[in-house]
Amino acid sequence: MSLEKITNPLSARHWMGDMEADYVYTLGVAGERFFKEIKENGRIMGAKCPLCNIVFVPPRMYCEKCFEKLEEWVDVGRKGVIHTFTIATIDVDGSKLKKPVIFALIKFEGAHGGLIHKIGKTDKARIGMKVEAILRPPKERKASINDIEYFKPLE
Amino acid sequence: MSAKIKNYSGEVLETKDIKDGKVLTEKFRPKAKFAWSAGIAISRFLDELKNGNIIATTCSKCGRVMVPPRIYCEKCYGPTDGWTYVKDTGAINTYSVSFLAADATRLKEPIIVAIINLDGASEGMGIIHRIGEVENWKEVKFGMKVKAVWKPSQQRTGAITDIKYFKPLKEEKP
Amino acid sequence: MLGKKRVAIVGAGLTLFRRNLKETGKELSYEAAKMALDSAGLELRDMQSVVMGSAPDAFDGVHMKGEYLADGAGAYHKPYTRVFVGGGTGVFTPLAGWWHVASGQFDTCLVMCEEKMSSCYPHPQYAFTTIFDPILERPIGMNLVWIFALEMHRYMHKHNVKKEQIALVSVKNKRNALDHPCAQLGAKITVEDVLNSEIMCWPVQRLDISPTSDGAAAVVLASEDVAKEVTDNPVWIDGVGWCIDSTHWTNRDLYYPDYVECAARMAYKMAGIKNPPKEIDMAEPYDPFDYKELHHMEGLLLCKKGEAPKLTAEGVTQRNGDLPICPSGGLLGCGNPIAAAGLMKVSEIFWQLRGEAGKRQIPGDPRTGVAQAWGDLMQYGSVIVLRR
Amino acid sequence: MIEVAIVGVGCVGFRPITPELSFKELMFEAAVKAYEDAGINPRKDVDVFVTCAEDYLEGFSIFDEFVPDQLGAALRHLFTVSGDGMLGLATAYMLIKTGQFDTVVVEAHSKASDILTYMDIVAFGLDPIFNRPLGGHPYYIAGMEMQRYLHDTCTTVEQCAQVVVKNKKNALRNPYAAYGSNVTLDQVLCSDTCFHPLKQLEISTPADGCVVMVLTSENAAQKLTNNPVWVKSVGGCTETPNLETRDWTKAMYTRLAAEMAYKNAKIRNPWKEVDFAEVHDFFAYKELQHMESLKLCDYGEAGKLTEDGITAPNGEFPVNPSGGLLGTGYGLEASGMQKLLETVLQLRGEAGARQIANAEVGLAHTWRGIPTATGVVAILSNVK
């Protein structure tokens, strides 16, 4: 232990700073193809592992379980099912959201994984609810996860 | 193995491919802000800078006078047991002349930085700072005596930049 | 014998090293890991543990990037640890792999290193501004190249070394890299070219310095039993060493890397090496700057203090010299995706010892090689001794 | 077989803020305590130092640079594990098992109060392509997980809230705890539902502190102490970083880490063979989910056990007698060390008012928090 301590709270100095920079992430080999499919063809794709016989959504370059390179891509459709969800009422800075946001993991038939996204056009959600991806108009798409505006309940 | 492999993975991009949007990207700037506690040693050090002094801590076990100050002696691993002022003069231990700014852009006037072994501190106890009032960077020499140039006292905030830079000290004959 | 179990490298993999690669960090990791596994004739399920090495999160732009990279590194459902010692990480990571196996806890370990520096935009240099003390150093406007220039200058001053002597390292390594299929900056250049290149921060000029890069590397480690099953020519990790010096880098004499010597002594003691220049056949010291190769040869006790420039001038460190240094082309030639560059050095020794280095193969019958990396605030040394 | 023991511990904190100490000084104080406890001189007696830290939680790139001096590790063999303190423990355990090192020091700390934008930094840990662009407070991931966990296991929101009541009460008796209180079940249930069904009071608050531990081989331990705490085994696992493909009900990373730890410690029935557990409870439901993944009970049983007081300090199987992270405060990468610290103190019989009678075997567990699926489990005992 040190031989002296700060006893006057006004003597305890703080120094402000940051670790901020701009980042530009390449979408990668699988990501670029996935988001191009959404942007250009409005399709949500998965990648099939021939060894594990599962279709990964989102598609990856490789199977995380066995490391097989994934070459076969399949359209998993825009319709899925809510695997789980939450209703967020606060934002990242802790402030109250004006309107709560429903986040959910949407699974697609026959596929492993799914997409984390927002549920729109409802303030209710439940596990097992069928939903469909609503894409932005083609001109507004930027090859991003936000090219899907939200998932809309089908019920 | 290395000799047998024909193709190594990696899809090569040019920087302009990214700039021109030829390759798809996602952009982000994180918010990562901090307020580091300066602590016992550095809070005092900063306060003393505001007064135009450079303060060091001492370890009576090894006899070292340490700057920047710390509350533990990293050699003996005990608490330091005293404070002492060191001089705002010293000698250049090593220096470099930067033609690059922090963002890697080219500077018009080079920045000279040096490790300055301060007078009154133990041998080799240097701090890093800029060197100023040098007409040509080639005048800077190893072992050259320098002296701190302080901001006017009302402009000091208790920061290492309360010292604007160190300037060459014209040697006075005793 | 070292440890409870002797540990071998049985496979290695590399991606290209380039300023910008399209693959994500995960994908780069996968490519290197897959190649390393394929080269060892092993599969992911054969790996019982995974170790990741990667330099600051501020390059890739992901907090906890070890976690983010885990699936690409093959860590799905496996014990997984990331180690991090700045620039020293690349050679340190296989040391971490070594204790996973040497402890008897695991028979195999996949050792991964990845760096995607290009994500930090427009230049990765920015990320380096946050390696400094925020109160005492960042306000001065610190720049990474400054501090190396300070160290280089001190080294030159102390031993009266000329820039011409140092430039020879850059010439050698960039030429060596012409034979490396992954290299970013292999080139035939002259001492004049180095001396005439743009002054960045005197005494550092453009051609004294390695570039920033994207890339990944991987090696597969196995216990003695497994190694003998899967290969006829394992390369043994016979010595490991690491050391860190005080944070207060402005309180140290930068002309000599004590921490590298300390790490080297630790590794040599384990490997039973008493006379390093005689017992070591080749070395891959860390060379992000040309003077660092010289600095590190001295720290590795491969020559006396201040003697490395002379050996370089005499051609001793060429591939066909008595003590080849950086036969891969080093960071100066291959590029510097920080952690991946360190592991590339380990891979190079692995390939050289197995006689698989192709055009880069050094003559004779090398039996012992050393790789070393260096990091933090001119503060860290990591050393590995490999034997056939 | 080389046995590994913990022979010294030192802790400073945990407190909501520590403005009077720099992170270096905080580490120094905890280290001095640990070395004093172990009776060693770090400049002579330590073979390896391991520090556990992540850059963005410190505000530095290459935090490793700023570590050695205050630990007595200048010009010594130190390195950083970018992970939780219990990954540091696993590392120290392996280092000693190689037979090359006798004494290894592990350090982890939190200077959370130095961070002004903690949540933004957590969000910066999300996949930059598939997840982060959605925006939002990253704890929505916990809300989603809790929802699925409750759905699949029929655990109730009251049972989750009961974890908070128990842990904050336990923390009142822990001098290392920052957030002890006599909170009621109603207060927890009526707190804001930030991420339905997750409530505000079910989320741990970060705290400042540092824990340092000294580990040695059996031979070295015998010379230093009469009450070593033996590390019987350590298991670790990363499930997958991908949110989309992980198991949202069962914490598979904990299940696999536990299986490894039990196998190596030769434990068949943890409920019977372990006396208490320090389980990662960053969110209240996580304590229940983790108990089940740790095989302390079946899936869906932990809530009931909690409701029935079985996991209270005087219950049949105390869980988080320290007060957990909900009570002591979340020590960032030191959170696993907080778990280990309590386990060591209990096994030494030095847990004061919290002491569990006749405890012989304890379990410490950690998780690396949102958005990871990485966990570590250690089995400690005061019987060799």
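Chains here go by letter, A, B, C and D, matching the order in which they are written, and residues are numbered from 1 within each.
Here is the rule we go by: a contact is a pair of C-beta atoms (placed from the backbone, for glycine too) under 8 Å apart; a residue touches a chain by one contact, two chains touch by 3 or more.
Keep in mind the model is a prediction, meaning the values are calculated, not measured.
K.L.:
Going by the average position of its CA atoms, which chain sits the greatest distance from subunit A?
P.N.:
B
K.L.:
Is the number of contacting C-beta pairs greater for A-B or for B-C?
P.N.:
More C-beta contacts join the chains of B-C.
K.L.:
Provide the C-alpha centroid distance between subunit A and subunit B, rounded to the nearest whole angstrom.
P.N.:
42
K.L.:
If you average the Cα atoms of subunit B and of subunit C to get two centres, how far apart are those centres in Å?
P.N.:
Here subunit B and subunit C have centroids separated by 27 Å.
K.L.:
Express in whole angstrom the distance between the two chain centres, defined as the mean CA positions of subunit B and subunit D.
P.N.:
Here the centre of subunit D sits 37 Å away from the centre of subunit B.
K.L.:
How many angstrom lie between the centres of subunit C and subunit D, each centre taken as the mean Cα position?
P.N.:
Comparing mean C-alpha positions, subunit D is 33 Å from subunit C.
K.L.:
Residue numbers in subunit D touching 2 or more other chains?
P.N.:
Only 19-21, 25, 28, 55-56, 59-61, 68-69, 74, 120-121, 123-124, 128-129, 133, 240, 242 qualify.
K.L.:
Would you give the residues of subunit A that are in contact with at least 2 other chains, written as numbers and ranges?
P.N.:
Where subunit A meets two or more other chains at a single residue, that happens at 1-2, 5-6, 12, 14-15, 17-19, 21-29, 31-32, 64, 144.
K.L.:
Would you please write down the residue numbers of subunit C that are in contact with two or more other chains?
P.N.:
Where subunit C meets two or more other chains at a single residue, that happens at 20-24, 58, 61, 63, 71, 76-77, 118, 121, 126-127, 130, 134-135, 246, 248.
K.L.:
Viewed as a graph of touching chains, is the assembly arranged as a line, ring, star, complete set, or other?
P.N.:
Its topology is that of a complete graph.
K.L.:
Enumerate the contact residues on subunit A facing subunit D in the complex.
P.N.:
1-2, 5-6, 9, 12, 14, 17-19, 23, 25, 27-28, 31, 56-58, 64, 83-94, 101, 103-105, 112-118, 127, 144-146
K.L.:
Can you list the subunit C residues touching subunit B in their complex?
P.N.:
Per the touch definition, subunit C meets subunit B at residues 11-12, 14-23, 28, 31-32, 35, 39, 61, 63, 118, 121, 123, 125-126, 129, 134-137, 139-143, 145-146, 149-154, 157, 181-182, 198-204, 214-215, 246, 248, 250-254, 347, 351, 354, 356-361.
K.L.:
Under the definition above, what is the set of subunit D residues touching subunit A in their complex?
P.N.:
19-21, 25, 28-29, 32-33, 55-56, 59-61, 119-120, 123, 128-131, 133-148, 151, 192-198, 240, 242-245, 248
K.L.:
With touch defined as at the start, can you tell me which subunit B residues reach subunit A in the complex?
P.N.:
11, 13, 18, 23-40, 42-44, 46-47, 71-72, 79-81, 158
K.L.:
What residues on subunit D touch subunit C, complex-wise?
P.N.:
Those residues of subunit D that touch subunit C are 2, 54-56, 59-62, 64-69, 73-83, 87, 90-91, 93-100, 121-122, 124-125, 127-129, 235-242, 252, 256-257, 260, 368, 371-372, 374.
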